[in-house]
């Protein structure tokens, strides 16, 4: 009788871990979308309302971090890249949200290092969660979409200095891109940018 | 055995491709970078000349790679491999036509681009096909229709008029050609929409 | 052998296609050229009549080719090949409708176009289908919305009002039809957007 | 007010004619398939049964002819090629059936002229129905499929001389084909032919 | 005007394509006919030699067309157009390899095919690429596995053994090659299935 | 600028891929060659052991490449790139399982293959997945059904009986697994047909 190693079990284990990570990624995506939605209320709010919004945003961000801590725990001693595809969408959406939050508060671009250390610091056990550079770049592309929406809203509110500020911040595709997924996202971003330019033009004339 | 010589021939051909590969990659990188640099004009209307110069400053490096490339291909076989650099040439033509017009207000000729981009590689049998030149020109009106919008936003009201005239000339120039290439004809048909956009901008600043 | 004769017949059919090809090419070239000529109206509002005449001056040459084409097709088989020149006929109808309205302010009839474009070819079984006629008409409003913008830029403020009325009439005319053809219905739906653009221009000049 | 010619009516007329022709073509296809099914009983039948089958086949063929007469009438003074696509499938299926019938009875290939004159002769008003050469060739390709089925059946019945006869009759793709639809049908035909060759081989060894 | 010379260049290139077209068509017709003739071997095992001769008898006509073709292409540009006759060359190689082996029991060399098919066209820069030759060879085992079956049906029991040996040699020959072309490697992998089929036939006649 | 560093990182990743490429190519070449060598068993039933040894003699060279490969990949990233050598590993498992059974009549274990093929590369994080092992095993029955036929042709009547038993055991072994992978289940289903063919041969020699 031919026998094989414990294939069904170990395969089962892998499948289960992947399922758990996919679920956490989905939860992260949903929570991040909610956070972005909240942040869009910030520009048109009064000062005191604004403070409340940012307090609430900070607390939502903290509760998203819990997802990353669970993922860190589940990935410990396992291969990060083997499961990367399972949680990458959630990471990108989270980055979109925190990049947006940082921009609203400080008008600067949140660095990858800061995003990573924020997650680590909030973890009671101090575990590191790795964010790949590709996810960071994809997150920036998504964030650009929010920036454009912000731009359009500022145009509608007649906040011309804000519009100028946003437009100057929008990265004018300075990179020469040689990656397919990223290239596609940046093409979409460029099309949105052209739309924003047209809106700004229409307000100008 | 009929198979015996096959490996030799295949090795030789494979060697050519191996030699070409890093040069092609470098050519792709430079032309991508030139094209990306030109994108900056939309945000910095007042620094257009500097941006054009910055994009064109990479041409000598590009030429060096094309000359090396032409040396690595056996005589008479340039057309066999031309698909490998066709796309990059299209980008380069686009950058040349756009920047030369922005700086010096004239349509750069195919011969000029060939000389500056290929240099000695031309004597080794490389060429920019007329089709590549025309494809490159066809991409310019779309970029200019966008520039038209952004120059008005930046309070520059003379550039749109210049653009309107140039794109009109390009469109008229193509009309005289008896285009056989379907892809080219389609791109040319698309210029109409860029014209329309530009005309609307000119209309907006005229009223 | 039953197959031997089949090959003969296939050869004959292939011969017909060969004979047709240069004529079709010529027809395509002329109608493209007519359509391209009409494009010039946007830049030279004051010379519209001359441009229309120039475009229409190619009609006799076009007819000659259609007559030859009709002679090269066996009797009763015109419909079999009509896809080959359908697109060109669409362009020709467009030119006719546009130029006749610009010059004489009326919508040219299908019969008139048929007579002038096909001539004796009509007796040999060629025809312009009603659908082709309607498709051609549908392309006019878009061109006129563009002309509307450009005539204001050129300080002509009466043309937009004429255009607005004509496009309105075309739109109303189509509303009476029971359109079965999906492509046609889609094109007809597009007229709405041209109407809107034209109305905006008319509004701009009225204030 | 702009007016157009009587477009809805004439368009309506064309649509109606096309609909009628499609229906007649479908009826022809169904009846022809039934005829082919009947004919497949012929090889394994006794002599008297065979005569009955052929009498029935002849009568089915005659009633299919009525469809062609209706089509001739509807096409009179209208453009044949404008509507050709509407009825071409029925014509091909009919040809498949009558080619098969002719082969079973005389072991010869029914000519295009004969197929056409059969239809004309049975028409009380003597109208001609045009069959294109392409439809004839496509009909032959389909007929080859029936011939192969016949071949397989003969193998099963151990009728070796019949098998030889059929195999020799199968046209070995003598034509150089330059038409896409025909090329595809002949490729299918070649694959079936190879299957038949394999069956015959298996019986031989 | 930069556009002025474009039409001239385009006309010249278009002229080359026009000149090539009837020759290409003729080359396609002849190679299709040669390949179709070879199909007859399956039904007439005893007349294989005659069938091979009949297929090969069209080679001089083919060569005439290739020579004319090579004369119509400007020097150094043969590779630019080679896609137009690549497929036909594949069929011709297949016919040559198959018929030469059936008649003379050896694998015909690339040089031999080149000489007989291209003749003087070779001096004008045309060539059969090594890849075309190998692709042509790869199609032979499939045809032979079918012939294997049919020769047993026709009571010829020696041909299958010869075929088994030849296909084995082809397979072994390919194994020595370092194939870079994916399409070619895939075709080569397919030979395994032909071998299996042939081995089963040999098995069947051995028991 | 946040982007400047990104480009660096992307360059670094691109560098890893560049370093890997020649090693991957070499690994592909060797495993293809091993697999091709094994094909010779069908023609030389009596020299099966020598052929197996010849195929396995390339394992040390293979291991050298895997070790170099594992050194060129940053720690913890092996899974990111594993698609690049998965197919080759499948071929290697196939060769191991087939040759070990032919020589020593037992099913080689995953651990044994891992040790001999990866060696020190295993400590650098490379692994043969269980799935790869099972895929490799699944390819063996088809090869053996073919060998069954050929051994009878070569008058070897004992090998078919051995094969019949081994394939039966493989099939039974798979039946115990709870297969989640669709590709694997499909391959496993295919073993049935190999079983059937083998049984027919065994039946033929038993009468």
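Chains here go by letter, A, B, C, D, E and F, matching the order in which they are written, and residues are numbered from 1 within each.
As a working rule, contacts are C-beta pairs under 8 Å (C-beta built on N, C-alpha and C of every residue); 3 or more make two chains touch, one makes a residue touch a chain.
Nothing here was measured: the structure is a model prediction, and the numbers come from that model.
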item: Path length in steps (a step moves to a chain that is touched) from subunit D to subunit F; value: 2
item: Rotation in the CA alignment of subunit C with subunit E, degrees, nearest 5; value: 175
item: Chain pair, C-D or A-B, that carries the greater number of C-beta contacts; value: C-D
item: Distance-maximising chain from subunit C - centres being C-alpha averages; value: F
item: Same-site or different-site touching of subunit E by its copy subunit F, using the half cut; value: different
item: Label of the chain whose CA centroid is most distant from the centroid of subunit A; value: D
item: A-F, D-E or A-B - pair sharing over half of the C-D contact pairs; value: A-F
item: Subunit C and subunit F: spacing of chain centres that average the CA atoms, whole Å; value: 65
item: Whole-Å separation of chain centres (CA-atom averages), subunit B against subunit D; value: 57
item: Between subunit F and subunit A, distance of the C-alpha-averaged centres to the nearest whole Å; value: 42
item: Centre distance in Å when subunit D and subunit E are each reduced to the mean of their C-alpha atoms; value: 36
item: Per-residue overlap in subunit B, given as positions that touch at least 2 other chains; value: 178
item: Multi-partner residues of subunit A (at least 2 other chains); value: 174-175, 178
item: Category of the chain touch graph - line, ring, star, complete, other; value: other
item: Which chain pairs touch, all of them; value: A-B, A-F, B-C, B-E, C-D, D-E, E-F
item: Subunit B partner contacts - residues on subunit C that touch it in the complex; value: 29, 33, 36-37, 39-40, 42-43, 146, 149-150, 152-153, 201, 204-205
item: Sites on subunit B touched by subunit C in the complex; value: 168, 171-172, 175, 178, 192, 195-196, 199-200, 202-203, 206-207
item: Parts of subunit F lying in touch with subunit A, wherever the complex brings them together; value: 1-3, 6-7, 9-10, 14, 76-80, 107, 110, 130-131, 134, 169-170, 172-173, 176-178, 180-181
item: Subunit C-facing residues of subunit D, complex; value: 1-5, 7-8, 10-11, 15, 79-82, 84, 109, 111-112, 133, 136-137, 140, 171, 174-175, 178-179
item: Residues of subunit D defined as touching subunit E within the complex; value: 167-168, 170, 172-178, 194, 197-198, 200-201, 204-205
